[in-house]
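Two complexes, one shared chain (chain A), two partners (chain B, chain C).
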Partner chain A sequence: MKKNFIIVLLGIGLIIYASTIIASRNTIYYYTTSETENIEITTNERIKLGGFVVEDSVSQEDGFTVFTITDGNKDIEIVFDGFIPELFQENMGVILDGVLDSDIFFADDMLVKHDNEYVSSDGETYDVKSYSK
Partner chain B sequence: MMLYGPLAAWLAVSFFGPYDVTQGIYSKLLYIHVPTVWVAYLGYTLTFIYSVFYFFTKKQKYDSLAVANAKSGVIFTIVTLLAGSFWGKQTWGTWWVWGDARLNLTAILLLVYLGYIASRQFNKDLAKTAKNSSFIGIFGVIQIPILHFSVIWWRSVHQQASILSQETVASGDAPMSVDILTTLLISVLLVTLVHIFLSKIFRISNDILWDNYLNPKSRAKI
Partner chain C sequence: MIYNTGIIFSWISFSLLIFLFFNKKNLYTEILVRVNLFIQVFLFCLLEVGLFLNDFSLSYVANYSAESTPPLYKFASLWGSLDGSILLWNLCLSLFMYFYLKLYKDPSSNIDIKIFTLIMIFFVGYTVFSSSPFAGCIELATIGCSASTILPFAELVTSNIGRGPNPLLQNHPLMAIHPPMLYIGYVGMTMPFVAATSRLYSRKDKSNSWIEVAEKTTYIPWLFLTIGITLGAAWSYEVLGWGGYWAWDPVENVSFIPWLLATAFLHSAKIQKTQNTLLNWNYILVGLMFLSTLFGTFITRSGVLISVHAFSNGNIGTYLLFGMLIFGLIFIAIGSKNIEYFSKSKKIDNWFGKSGFFVFNNIFLFSSALVIFIGTIFPLIYETLYSRQITVGRAYYDILVGPLLLILLGLMIFSVKLSIRNLNIQKWFNENVILINIALIVTIFTLFLLNNSYILIITASFSFLLIFTTVSNFYKSFRLTKGSSSYWTGQIAHLGIGIFALGIILNVSQSFSTEIELNSFQEFNFNNDTYFVYNTIEESLPEKNVLKLPISNSNQTKYTSLNIFKNSSQQAISSPAVFRSIINDIYITVKFINEDSYKLIVRNNYGVLIMWIGLLITSLSFFPRLRKNEV
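Right after this comes the complex of A and B.
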């Protein structure tokens, strides 16, 4: 059936086209803390903000979890009310979803972004020099 | 037996292997997620090569090889999505992130190759089917480089590659402990073996289809 085949080809073409559109729209899946200074956002517009949790900044206030995230250049205070993933801890990368209001970011959704390091109980990563002797 | 040996060894290695101390025991899903997606890439790349061979030579064995690798690739893509999703729940805190380039593109990769398998059913004439499917096999492969580099091109919740990254390949160092790295490479080897034997099973069943198509009379006598 030639007709069916054309439908499949069209379908696949559509899927690939849609995927490029989706992907290019999400070139910035989240903003870093420094980038918030340059972006234009209206009040109450939800954005995603990513950064690393600053040491000794996590505390509980009125049922909210308050902490600071940074990208190395700019710190932003976070007021968080929502489900906290188990891996949430100091120095961990997080992506938050919420509203930025006068330098305080009110978020209710959190993702923990783990990096590509895998360190077992021996505590060291593979270094080619120490194994090539 | 040849299939179940590597399969059992792979599951045992994953189960008893070392894990990342920060992420906890669920980071052992690394030994499922990474090898399966690599072998899925391998399967689809072989589908591409055999589809090109079939398109130019019209020899049925190339079509059988292309289909077999695509079917095995689909199974490994499903496994990598399931393992990745479960790991995501434990680490990110969610099963799936809508709008993330890497995740969406993987789902689309699966859909395209499910389409490839579906396209096998659309024509009773096997020679026409094989020719039609070879188009999908040839064009579908474009997605693999896009998918692999998606975490570099677009800011993603998915981490960068640990092994197949420019940094690791250039320096020879890896951001992994030696025991984890060794276990991962053994897993990759075992999953490759699983793929070889699995695709052989699929190949044989497709050879039978071709035999029935090319020699209908010999079948009618039986």
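Right after this comes the complex of A and C.
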């Protein structure tokens, strides 16, 4: 009984350890919009940028989707040339992959954070400013 | 009117449950449970009436419904957001409580109803004290309502128009039924929890009755979870232009964790019933199943997914954590009371016999659940520790969960005929030599047609062998063994999983996609077929404008479309045109439309129909249970 218990605990420990190692090797890091001011980025270096889509900022221009994202302190304009995920909506958290060039971020890949609240775009479920530090 | 009635009846329901909890006379139990069910049905209907009458003095109706919303989606708006879905949750919970009372009640004590009542009090309490779908609007926003009250008899303001449900919810009827299926699955996990804790609390006969009831009551929620997860996958593939069906998204993960745990329990309960092993393990599984549903609701509803810091904004998160703590403590307390009983658990004799296989099955299912759990909470922990936001990449799940599920697929092959004694692998080979050879030949044959990899070869041969062994077993002995319905339930489920695994490996290893730019009335070639693109057709419905683009190949014409919802300034939602065949789908979505030039994404998706067929078969596994009237 005791022996089994120790084996089970060891097994679980092993899984947790292995998962954590593998998870930390497969994380996708991203910068917040404010952080772009402090980092040194060489031209054409691809980075990931995360933030919340600003309300009423989404438009279509020459086949690109143009919008602004924010972390509450700094806004960055995004020119997006890629497939817009269907969950994409205003106020939603997105992570973009692309190149930052003089305050405009040219992105071609987007991850959205799947939120389970079904509110319309002008819904109020969360407030961007309240959880940026 | 609806506002006052709704709030007052929520209070009545709450007080009634409190009374039921402290009530000592068994006499009233059944009446009270019935009245409670009746009130919950009434509250559900009442909110539906509010939605259909466009009663915008209700904050919920003003924010999640609109006059132009079509009837089906008005109906579905009830579970479109948190407050309303808790109402549906309560309705399901009272239904399950009623059925539990009728079918599975412990005749010797009343504890099970008390624990059930406590869980109900917890959820009804949320609508009474924290936020109710019947809350009245006291302050208007530009559209909809910005502040509300949950106290009755307040002076209300009425919005002229409603916001309408999220466009995603309105896009397809599947979205209307997918959440309730998952809710029924989630809520149903309460039953095994109640059965196990109550029977072990008051166990006088030292029998195994708790495991029998817990197993029976797990199957129904398991079935609904299976259907709910399948519908969710189907919805994201068939309706949204994702092209994908599963993204290892936290919201998907937390519905998969209870499924894995319940699957593990359905197996290990079986050997406890016959061999009296794994008593303590089964008890732990039952508890984790229930807590994982609370955890799932916590993850999806508390806002932690957006950021750990969003957590403090909502109160449902804290409430659910509190609930997990309370029920977790009850679970541990009752468990530790029975340590002596658990220590009577027999040892596993034969590691390569029936019980051994079931233990391996449990190890791999539980490990998968644990791995997915860690992947889901890893970003939360990371953000808390380092104040940096991260997400866990898909590779994590591919590396860890993929192999675990592959091993499970391999184990299933042996499930056809397991005896208590150790498996004689030599004998097994001799008995199945024909099937093994056929499976290998079919696998080799498919390899000539496809791009291959080791994973494909292993998975395909496992799936073929599983499918062949199960089918031949059906053919040989289905009629002979009338009695064992749960055995055949398992076999059907395994057959479905075998077919599903074949579909998924085809999909993962063979699919490819390309992007095409062209104008109206032009054609393009893809995968040995020619597709002709017409001009867009505009269609105006009360709730949305649809831009349809007809595309035809040699046999048929399909539409890919962009849906632009009124009342909402967000991106259009695109629906795919799918040219389907059993082996592969040609899946076309429009990326954008500019006058009469289009950018299309064309995918060649393999095996999707095979996957749906497999999951359908797994969902139909309840048929043998009907045969014996064994619910």
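Going forward, the second predicted complex is superposed on the first by the 85 of 133 C-alpha atoms of A that agree within 3 Å, B and C clash if a C-alpha of one lies under 4 Å from a C-alpha of the other, contacts with A are read in each partner's own complex, and residues count from 1 in each chain.
Please note the rule applied: a residue touches a chain if its C-beta (ideal position, glycine included) is under 8 Å from a C-beta of that chain, and two chains touch if they have at least 3 such contacts.
Bear in mind the structure is a predicted one, so any value in this text is a computation, not a measurement.
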item: Which of chain B and chain C A:19 touches, first, second, both or neither; value: both
item: Partner chain(s) touched by A:111 [first = chain B, second = chain C, both, neither]; value: both
item: Contacts of A:37 with chain B and chain C, given as first, second, both or neither; value: neither
item: Touching partner for A:90 - first (chain B), second (chain C), both, neither; value: second
item: First (chain B), second (chain C), both or neither touched by A:29; value: both
item: Touched partner set for A:60, first chain B, second chain C, both or neither; value: second
item: First, second, both or neither for A:11, with chain B first and chain C second; value: both
item: Chain C-contacting residues of chain A that also contact chain B; value: 1, 11-12, 15-16, 18-19, 22-23, 26-30, 50, 83-88, 95, 111, 113-127, 131
item: Residue ranges of chain A touching chain B (in the complex, touch as defined); value: 1, 4-5, 8-9, 11-12, 15-16, 18-19, 22-23, 26-30, 50, 83-88, 95, 110-128, 131
item: Contact set on chain A toward chain C in their complex; value: 1, 11-12, 15-16, 18-20, 22-24, 26-30, 32, 50, 56, 58, 60, 63, 65, 83-90, 93, 95, 111, 113-127, 130-131, 133
item: List of chain C residues in touch with chain A within their complex; value: 63-64, 80-82, 141-144, 146, 163-169, 240-242, 247, 249-252, 300-301, 303, 305-307, 309-310, 313, 343, 345, 363, 367, 370-371, 374-375, 378-379, 382, 387-396, 399-400, 567-571, 573-574, 589, 591-592, 594, 599, 601
item: Complex interface listing, chain B residues touching chain A; value: 18-23, 27, 30, 90-94, 97, 99-101, 104-105, 108, 111-112, 115, 118-119, 122-123, 132, 135-136, 139-140, 142-143, 146, 150, 153-157, 159-162, 165, 171-181
